[in-house]
Amino acid sequence: MELQQNDRLIDELIRRRLDEILPQKIEEKLAELKASKTPSMTIIATKGTLDWAYPPFILSSTAAALGWDVSVFFTFYGLQLLRKDLAGLKVSPLGNPGMPMKMPFGPEWFRSLNWNIPNAVQSIVPGFETMATSLMKQTIRNKGVADITELRNLCVESGVNMIGCQMTVDLFGFAHDDFIPEVKEYVGAATFLPMARDADVSLFI
Amino acid sequence: MELQQNDRLIDELIRRRLDEILPQKIEEKLAELKASKTPSMTIIATKGTLDWAYPPFILSSTAAALGWDVSVFFTFYGLQLLRKDLAGLKVSPLGNPGMPMKMPFGPEWFRSLNWNIPNAVQSIVPGFETMATSLMKQTIRNKGVADITELRNLCVESGVNMIGCQMTVDLFGFAHDDFIPEVKEYVGAATFLPMARDADVSLFI
Amino acid sequence: MELQQNDRLIDELIRRRLDEILPQKIEEKLAELKASKTPSMTIIATKGTLDWAYPPFILSSTAAALGWDVSVFFTFYGLQLLRKDLAGLKVSPLGNPGMPMKMPFGPEWFRSLNWNIPNAVQSIVPGFETMATSLMKQTIRNKGVADITELRNLCVESGVNMIGCQMTVDLFGFAHDDFIPEVKEYVGAATFLPMARDADVSLFI
């Protein structure tokens, strides 16, 4: 009888203490787990033009510099970004009226002009795309921004996982030898998705 | 008096035990909850071309095959991917210099050529877009990759939630009858965002 | 001796009760914590055309209306969306065969026609892009959808954090004065990524 009563008292006391203590303990534990976990990001890089090569490489190298674990899955047109020679990457102002066309040299007033060259002209002037590409490359050089090969090297050196999409390699008829040897593995979406699940941030670029 | 002292002793013991046990229990519970939770992905599909139809359908069907819960919100140009007849989907190499143009037939050396056809030529040759579209379709057939209607069927069969954006339906003047009957519901972003919040992975394609 | 034995009994009781009570309590508390946390979203807005201006502003204003914390990082071509005057935003059907070209006025049968104007024609007809832009603006007005300046105001008024990418400002030669004064700060990816890490949903648009 005495023991039973004691039991009930203890039980009650436990519940009361739990209600008091648990919220804070859980919060502490969650904060602790979060603090001890290395932040992580996965990127699905799907575009293969010079301008759209920047976002995956800039975000990856920045995250790696912050100490994050980063994995980039190069798939679809994005596979172009893994080629040994990136000189073929081009930028097209065609179909992209959001692209500012400015002169990257000359006095400030001249550089601040916005050259609105209509698509009509762009598409019938041979070499317009090549001109736009070189214009962008010059702008980037002038502004002290790393070129795309440098940025990719930075990613490799800072430990970004470069992963190729084998299905796209097959689809476009590439050979593994077309790509930089730093590509860690060639896998499919079924291997990549679980990595995205565990990441804090996942972006489709 | 004795009981009071006993109470204090018990209380102390409870606090000590809680301090000892709680952190590990919480961690175990969190791991258990994660392991028992079905992984989930939400996709916002916004593009309406043949090439960009692949990423949402490939990622969705792959995730569904892995046992994930998947919901795709077709909005903006992405609504085109829900049309009953997908034969109208086209791919445009215009404004996309990242698109590899390769011949999907013939000997290996011929197929590995990269046809760099300038936009200037592309845009004034009538039917160039149709040719590029058929070229892509042939490449996909040759490589054993499912065509887009097959992939969409696969998504439907494996339980991917197909959701249409009602605002876009109104904006572009579509009728629900234009779309496959498997569309589960037509809602707005206000309904979709809470689904994205609960998902492990959310992608804007 | 008796007391020691009592202690052991009490200790055992405490451990048993904890094992019984803890899992459910922890689960309840975690659900409670989640319910009490304000949902959050971060968006990386990278496109600078009239059509692609809609997704970041529609998703942001909708999330803010639901009470979410929202931060948008305007970078790359997306910086155009922060300009004081948005009248220059254009839409290009070039290179986007997924864009439905419909007449936003006239009888239903006329509006439901799909104008398939080949790129070949588009690119050599001067002013085609301007025509497409005005067509889209009319469609949006006709359908009662807010125009882009109204949507942006809505975002600002509902507390969406507008953040500019300083690197892009430098790269494209913009001045802070080109942008609306509601831009909260100009930072780099290193400042934005930790915000994305803490958000429930992160999208690259």
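Annotations
Going by the order they are written in, the chains are A, B and C; count residues from 1 in each one.
As a convention for this text, contacts are C-beta pairs under 8 Å (C-beta built on N, C-alpha and C of every residue); 3 or more make two chains touch, one makes a residue touch a chain.
Being a predicted model, the structure only gives us computed values, none of them experimental.
Superposition on CA atoms relates subunit A and subunit B by a rotation of 120 degrees, given as a multiple of 5. Of all residue numbers that take part in the contact between subunit A and subunit C, under half occur on both sides, making this a different-residue interface. The distance from the centre of subunit A to the centre of subunit C, with each centre set as the mean of the Cα atoms, comes to 17 Å. Looking at subunit B, residues 10, 14, 18, 22, 26, 30, 92, 94-96, 122-124, 202-204 sit in touch with two or more other chains.
Across the interface of their complex, subunit A is touched by residues 7, 10-11, 14-15, 18, 22-23, 26-27, 30, 39, 41, 51, 54-55, 58-59, 62-63, 65-66, 68, 92, 94-100, 102, 104, 111-112, 118-120, 122-124, 139-140, 143, 145, 200-205 of subunit B. Across the complex, subunit C is touched by residues 9-10, 13-14, 17-18, 21-22, 25-26, 29-30, 33, 44, 46-49, 52, 75-77, 80, 89-92, 94-96, 122-129, 167, 170-173, 188-190, 193-194, 196-197, 202-204 of subunit B.
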